[in-house]
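So, here's a batch of structures to check.
Two complexes come next, and they have one chain in common, subunit A, joined by subunit B in the first and subunit C in the second.
== the complex of A and B ==
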């Protein structure tokens, strides 16, 4: 009961202290709108990147058999437990202008990631992709290989099997994983501020804006927090509905 | 290089790798299997044919290799050695390095638990194979509708597999396999997932559909009745090897192994026929059989010497509580009741002795004789009721 109160009280406080009257004014502030749009765009881009990179990786983790698989799986989930700030530092060392890889990106392609909008996407992908991988891998692992065999005996090529059987069957988990991934990316703070900085318009996402506003305009910070809370609740509701429906068809 | 020969009507994959037919390829028709499959310590080693239109029952205990055999035929597992040809086309030939994978084999597989795609409607399940052959969506559906119609499933097209009864799911699985227009049909325990009443209906119906199928059919089962009713010929596999082949009637009358004998409900004894009248049984005891002992196939073959098998129906053995002294049966021996099981109208009495036997008597007789576990009894059997045949194929 105490635990419940402990978890709920801050949220209630947020609702109680929310500047309900000034809400529309705060939310129509151009800087806030920019941060909101940037957040949504970057989180969506990070989710797409996670899908492209993460689903094949999840497939390998779930289906392949080779030595070192357990280690690989542990490494993939490392960002889940790693402090995001450390992730940001690590990203700087890898993709920074003098980083292990960033050096070549810079000198060969003239690409600079740190402190740019793509940098935000990279940071968010790094932190959020494991959520997608873990969800999809679990679904692939528990999916019925027998159905894929049945599809093969019906003349379906591997690609057809993947497209018409494997993917649709893990569809609910794929969606759930994407939503989780997107929500995590949206709330990402530590890695983003470390790797991409906090420049309004290019790298200042909502959480960073909340942090900034807290010092200059606390009322606006509360309003922005409220927006993020609404998004989180919406995500949770979407996942609940999805999971309930997913559970109905075994 | 695979060679192919099949008439246009039954060839489900006209686009797959085709080479000109050769006279050598034309020789074989139906399924010809000479296969070895090693898996750890288990080894499947079988050699048999199935003619077009023939229904072969594959019978055997769990772990005998029945499912492994079907998987090899379907291309889900490669052979370690040997070859599989269907209508002259090599599906697997380990020496020649030929292996046609499952998705390019003209083989229909009805899996034990059907494996219907849960996210697709019945119609789309059945249309799956036509679609996989790059048939358009609408013509695939038309083909699927034709098969649903044929199997009496027309009304179920819009349902999801989860909304089907066991019997319906079984028919959908068959329709889905047939819609691929395979040259070979495999059924893995097709009725095992059904309850007893549905099984009865579906069995007769399935038999009818199988009769219409022009290619070879294999049914894996360990239900003796299923094997008797639905198949033309039986192949009994134990521990990866064929232990008996023959018509269902022949296998039921003269089982070659204890497994088959138990399935068909016979007492089976292996023994050695010496010079004396009686046959020394391996597990103890002596029995005398009348008449000419016959080999499995040749009815007028000379009496087998050496290794023989004796089959006795449980109802041909009589139970007595005292030694029957003036009785005509030539075989009388003592034993102890070690089990009683009520069948529908009889009681199957398990008697431990030399030899041990299953005996069927009426419930009234059990009461009259006062039989229970541990009761000492005498058994008797007429020599004419004991069927004797040589051991070995």
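== the complex of A and C ==
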């Protein structure tokens, strides 16, 4: 019960102290709208990137058998427990202008990631992709391999098996993983501010704007926090609905 | 069949999600400026329990990092048994933390404005200006942007890091640009002057606007390009013993030490000017 109060009280405080009357003014502020739009775009892009890169990796982790697999799995989940700021520093050392890979990106292609919107997406993908991988891998491991084999023996091509058997089997997890990944990307702070910097319009996402506004305009910071809270609740609601439906059609 | 497992995995991920959230919140708290302060506390062998007798907690502007570490060591040497706990950050951040009740005994701000915030909120009754600082352009040693003068910062394609507009170094930089009648579009607005300097040290930007004292403290890691005196701007640093200080006597003594000839000598040697 104390634990429940501990978790809930800060959120209630946020609601109680929210500047309800000034809310519309804060939310129509162009800098706030810019940050919100940037956050939604970057989190969505990071989720797409995570799907493209993460699902094949999840498949390998779930289905492949080779020495070092356990180590690989541990490494993949490392960003889950790594402090995001450390992730940001690591990204800077890898993709920064002086970075291990970044210096070649710069000198060969003229591409520099820090302080750009793609840099934000890279930071968010780094932090959020493991959520998708872990979720999808779990579903793949627990899904019945026999069903895929049965489909294959009945003459289905690999693509058909994937499309008609594997995907429907892991569908709910794929969606749940994507939503978790998206929510984590949306809330990303540490890696973003470290790797991508903080500039309105290009790299200042909502969490950065909240942090920034807390110093200049605490009321606006509370209002922005409220927006992120609403998004979080919506995500939870969406996930719950999906789980229930997932249960109805095994 | 697979569903309970799926839910368990999702739940696990959700726990990890909240954990990850925790760490990013921690970053946004006072601890963002803690590593320098923390390490100095550790080297002083002081206990980490806040504000009992014997520990003076000092909140100081990021630009005071090097000098205040030295001053703290000297102060500890002069007062055996006393340990100084330092917390560095943007003056605007520190002022806000003090107003929210952070347990500080002394506040040293890089701008009278942020000190006034604390005084207005009843955190201090009066302050004394103890040094003055001016700006300089910091570039990486290789000077990739070929910057030789202030006007070069207005060129397109040059990557510049500035402090956020509410942070003193951001305020002073804006005054310098207005004196020079140039418009500068930075790529990032950093939380405090040390993180602006770090972006230059890492060679991620072509230039940053920092204090002369930061350039000097960075040694060979950055190159300083002086700003002509008629275009430069300065900021005064006020210091105050805080009214709610848990260690009031310690706070007074530390302020007195900073204002003493010995304290001033440390600051002047680092490039600070008399107020």
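We take it that the second predicted complex is superposed on the first by the 250 of 250 C-alpha atoms of A that agree within 3 Å, B and C clash if a C-alpha of one lies under 4 Å from a C-alpha of the other, contacts with A are read in each partner's own complex, and residues count from 1 in each chain.
By our rule, a contact is a pair of C-beta atoms (placed from the backbone, for glycine too) under 8 Å apart; a residue touches a chain by one contact, two chains touch by 3 or more.
Computed from a prediction, not measured in an experiment: that's the story for all the values here.
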- Look at A:134 in the shared chain and tell me whether it touches subunit B only, subunit C only, both, or neither; answer first, second, both or neither. second
- In the overlay, answer first, second, both or neither for which of subunit B and subunit C A:198 touches. second
- Of the two partner chains, subunit B (first) and subunit C (second), which one does A:144 touch, if any: first, second, both, or neither? both
- Message: With both complexes superposed on chain A, which partner does A:75 reach: first (subunit B), second (subunit C), both or neither?
- Response: neither
- Task: Could you look at A:164 and tell me whether it touches subunit B, subunit C, both or neither (first, second, both, neither)?
- Result: first
- Where does A:156 make contact in the superposed view: on subunit B (first), on subunit C (second), on both, or on neither? first
- Message: Between subunit C and subunit B, which one touches more residues of subunit A when both complexes sit on the common chain A?
- Response: C
- Identify the partner contact of A:9: answer first if only subunit B is touched, second if only subunit C is, both if each is, neither if none is. neither
- Touch check for A:111: first (subunit B), second (subunit C), both, or neither? neither
- Across the two complexes, find the residues of subunit A that touch subunit B and also touch subunit C. 144, 169, 250
- Which part of subunit A faces subunit C closely enough to touch in the complex? 80-81, 83-85, 92, 96-98, 112, 114-115, 127, 131, 134-135, 137-139, 141-144, 169, 172-173, 176-177, 180, 183-184, 187-190, 193, 197-200, 202-204, 207, 211-212, 214-216, 239, 243, 246-247, 250
- Residues of subunit C defined as touching subunit A within the complex: 1-3, 5-10, 12-14, 16-17, 19-21, 23-28, 90, 92-93, 96, 159, 161, 164, 166, 186-191, 199, 202-205
- Query: Can you name the residues of subunit A that touch subunit B in the complex?
  - Reply: 144, 146-147, 149-158, 160-161, 164-165, 168-169, 171, 249-250
- Item | subunit B residues touching subunit A - in the complex, by the definition given at the top | 12-13, 74-76, 101-105, 107-109, 111, 113, 115, 117-119, 128-129, 131-133, 160, 162, 176-177, 180
